[in-house]
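A, B and C are the chain letters, set down in written order, and residue numbers restart from 1 in every chain.
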Amino acid sequence: MADSITSRRTLEQALLLAAGALAILSALLNLVGGLHLIQLLASVGLVACVGITWKLVPATARWKCGFILFVVSTTAAYILLQPLAPGSEPEVAPHGTHYWLLAISAWLLAWASVEQFASVKTLSKVLTFFLRLLIPILFGAWLLLGWELTTRGLDVPQVLLPAPSVIAERFAMSTDILWADFKQTFLKAVLIGYAMGCGAGFLVALAIDRSPFLQRGLLPIGNLVSALPIVGVAPIMVMWFGFDWPSKAAVVIVMTFFPMLVNTVAGLSASSAMQRDLMQTYAASYWQSLFKLRLPEALPFIFNALKINSTLALIGAIVAEFFGTPIVGMGFRISTEVGRMNVDMVWAEIAVAAVAGSLFYGVLALIERLFTFWHPSMRQ
Amino acid sequence: MTGWREGKIFPILLVLATITVFWYVMAVVMNTPWQKDVYERAGTTDVSQTQFIKDTWSQERPVLPSPHQVAQEVWATTVEKKITSKRSLIYHAKITLSSSMLGFAMGTVLGILLAIAIVYNQALNKSLMPWIIASQTIPVLAIAPMIIVVLNAIGVQGLLPKAFISMYLSFFPIAVGMVKGLNSPETHHLDLMYTYSASASQSFWKLRLPSSLPYLFTSMKIAVAISLVGAIVAELPAGAVAGLGARLLAGSYYGQTIQIWSALVVASILAALLVTLIDLLGRFVNHRMGLSHG
Amino acid sequence: MPTIDVKELSLTFTTRDGPVHALSNINLSVQAGDFVSLIGPSGCGKTTLLRAIADLEQATSGSLLVNGVSPEEARLQRAYGYVFQAASLYPWRTIAKNIALPLEIMGIGRAEQQKRIKENLALVDLADFGKKYPWQLSGGMQQRASIARALAVEPNLLLMDEPFGALDEIVRDHLNEQLLSLWAKTNKTVVFVTHSIPEAVYLSTHIVVMSPRPGRIHEIITSDLPKDRPLNIRETPEFLALANRVREGLRAGHSEDVPV
């Protein structure tokens, strides 16, 4: 990656310089317009931090630089959050221009620290793993922080975008409702529909495995159908199977069936001619060759479909609920709370959906790793 | 000339024919209870078998409309209606299409820009990429109605909110595909650029970008399909009166099954056309650049 | 001034399993107009040495001068042309456009580009193929195109990393012959990595025999074959004697291969 080395050096310098300048400006404005001592200290700290890291030779002190920048920017963030805490009086927390300059400066330094951490070259597995976790977490934390600062500090209307802390509060207050919705949508509609849709897709793929004729007919259709807006069958399913979860499960079945079918058929033909010839020389039966060679070779494809389907299933179930539900379910909650302008509840529900979706996907990825560790894409 | 069993056309036609026959049979089965009800109320008793089947295929609000009913409805609401009419499906399709295309275009540009940033900045690659991948596991579509309503509340209306959702959905596959594509040149190709002391922008325009094009078109196929889904779902929340999604919703309110099915058919045709179009474009570009020849 | 001057050069890769000594204590001087082959078993560092000369790898210690300057400066001056084992042609560019690639990067004008494309295509016998795409050409023709591309920069030095390694023997003989006549015509300095003894002996003025673990120079054999070499020179006793010396050197290099 020779072409990015030079640009990074200038980027680092630019970040530090900008952060330093903003911090100094913030300190001056702070002094001029009604002294706010802690925030003044914070800007002094940021300037000092810029000075120290500027002195260090980055190439040999990546860890040190990254760590200093990380600690200072995090402390500054903590100080910045103080006046936003629910109990604090508005007059003690003047959000003047200096406040925002300070926030931007701290954010630039956090970015600089990520730049440092990202260019650490280490061979240690533990450190690599640690960095691979730390860097995205830092990014996510600053995203939340920026969200909190802008919504609180600029008094963004609740309806437009509630602050993360408000959402968290709402979440903690309504765990029983969220749990009931989760049970209805995820544990019933999604999981049952997913299992049945994937199972059916897999079985049909096995069934047509011996007929190349049927495969030629079904594959193009399956591929096409995978690209169609199948969510649209939701109103039909609601009419056929009623308002409760079976209609949502039916939508999920239809949505997950085709990706599984297409992928399994592709996977079953993934083994090379040479390997199949080998099976032939062993006089292996169809089933022996299927279980010992072709199914294992198909596993990466099958897992691919399982992962795609995990997302599709959640989407299908939630969207299907927009077309009618009993008074419980994630999609129902989202659409009704949006109507009542209770946006914080909607966000809490989305948080549940996000965590459920990521966990679902993560578990599948783990199982995949367990079963297909031999596949080139899984080796390191 | 290979035999008729060897090609693709015949098996596809056969499968389609099987589906159609199955559909007709299911239409009879699923519409039977209602039809019996109708006869009972009318006091009709001696209905011939053929008449009975014919009747199940021509109900006004069947549980499962027969294929020819859907076809007739599609024909009536596309070819025979004026495009400006509120009952023309072409009118609705145009509304959905325009917002999804706007969103798709914005999503493609955003995805490409993001991918370039990620490929050229290690820090972004390591901090942003995990979130992009994680966010694909989140049912983004669930936020769609909220975005529409919230944007409505601050006065953003019309095409843009729907396009925004399509953009949000379509930029993920583009960004992920383009990161892969921009990183796809082999080491010796990159080394070659290095031996020429090529600048970063030279190796981008002359090597990375051309090598990424096949990946771009593959992800554009996914993105265009999902952007259409996004536009349709975005039309679901109350308030939307036009568009294929609104047609679906209205159909489900009033039990107009034929209307639901015909909207679905038109949406599917639209999706198939879009994907095919991108596919052809991709094939053309890949062919012109010689990338389809390994 | 030698074209390439290597003194006490060592190069160590750090890996998860500890350091790997790819090159150890290399001393080599290549004069202008020489054709030098680096030969040795896999893992002896011959490609690494070539890549270090091209500034694709950085030496851990020692000095390395190309045209009297550091490899990086030489690279920035576009002082050498590099030919990879794979032809590395861009499939979306015609042969002519592929040859134009380095010229575009150097910012050379259109007219001059056209002139050089024409010249160098003629030099490698591909004059009629400029409008073809790489995938419409055979492997041997592709490799010739990639040589033309390296020559288009008009370097005084040509670095070739097993350029004919992936080709069959018949094509290879033919290309060896062509390369030799090209070298005679242009009077370039060539450093050529190979693992074929006949190829090294047939082409070179100097054969550098290398041995592995750590990668080092076992012996430098100076060829006394005449500059004009028809293919059948390979049956002469002089040629066979030289080939035998190289083979002996390779074998001796291996026998030193005792665990440290």
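Note that in this section a contact is a pair of C-beta atoms (placed from the backbone, for glycine too) under 8 Å apart; a residue touches a chain by one contact, two chains touch by 3 or more.
This is a predicted model, so every value here is computed, not measured.
For the pairs B-C and A-B, the larger set of C-beta contacts lies at A-B. Averaging C-alpha coordinates per chain and comparing to subunit C, the farthest chain turns out to be B. Chain A has the Cα centre that lies closest to the mean of all protein Cα atoms in view. Annotation: 48 Å between the Cα-based centres of subunit A and subunit C. As a whole-number value, the distance joining the C-alpha centres of subunit B and subunit C reads 53 Å. Between the Cα centres of subunit A and subunit B there is a gap of 23 Å. Residues of subunit B in contact with two or more other chains: 193-194, 198.
Looking at the complex, you find that subunit A touches subunit B at residues 1-4, 6-8, 11, 111, 114-115, 117-119, 131-132, 135-136, 138-140, 159-161, 213-218, 220-221, 224, 227-229, 231-236, 238-240, 310-311, 314-315, 318-319, 322-324, 330-331, 334-335, 338-339, 341, 343, 346, 349-350, 353-354, 357-358, 360-362.
Residues of subunit C that touch subunit A in their complex: 14-16. On the side of subunit B, the complex with subunit C involves touching residues 186, 188-189, 191-198, 202, 206-207, 210, 288-291, 293-294.
Within the complex formed with subunit A, the subunit B residues making contact are 5, 7-8, 10-16, 30, 63, 120-123, 125-131, 134, 136-143, 145-146, 149-150, 153-154, 193-194, 198-200, 203, 221-222, 225, 228-229, 232-233, 236-238, 244, 248-249, 251-252, 255, 257, 260-261, 263-264, 267-268, 271-272, 275.
Of all residues in subunit C, those touching subunit B in their complex are 54-56, 75-76, 78, 80, 82, 84-86, 88, 90-92, 101-102, 104-106, 133-135, 153.
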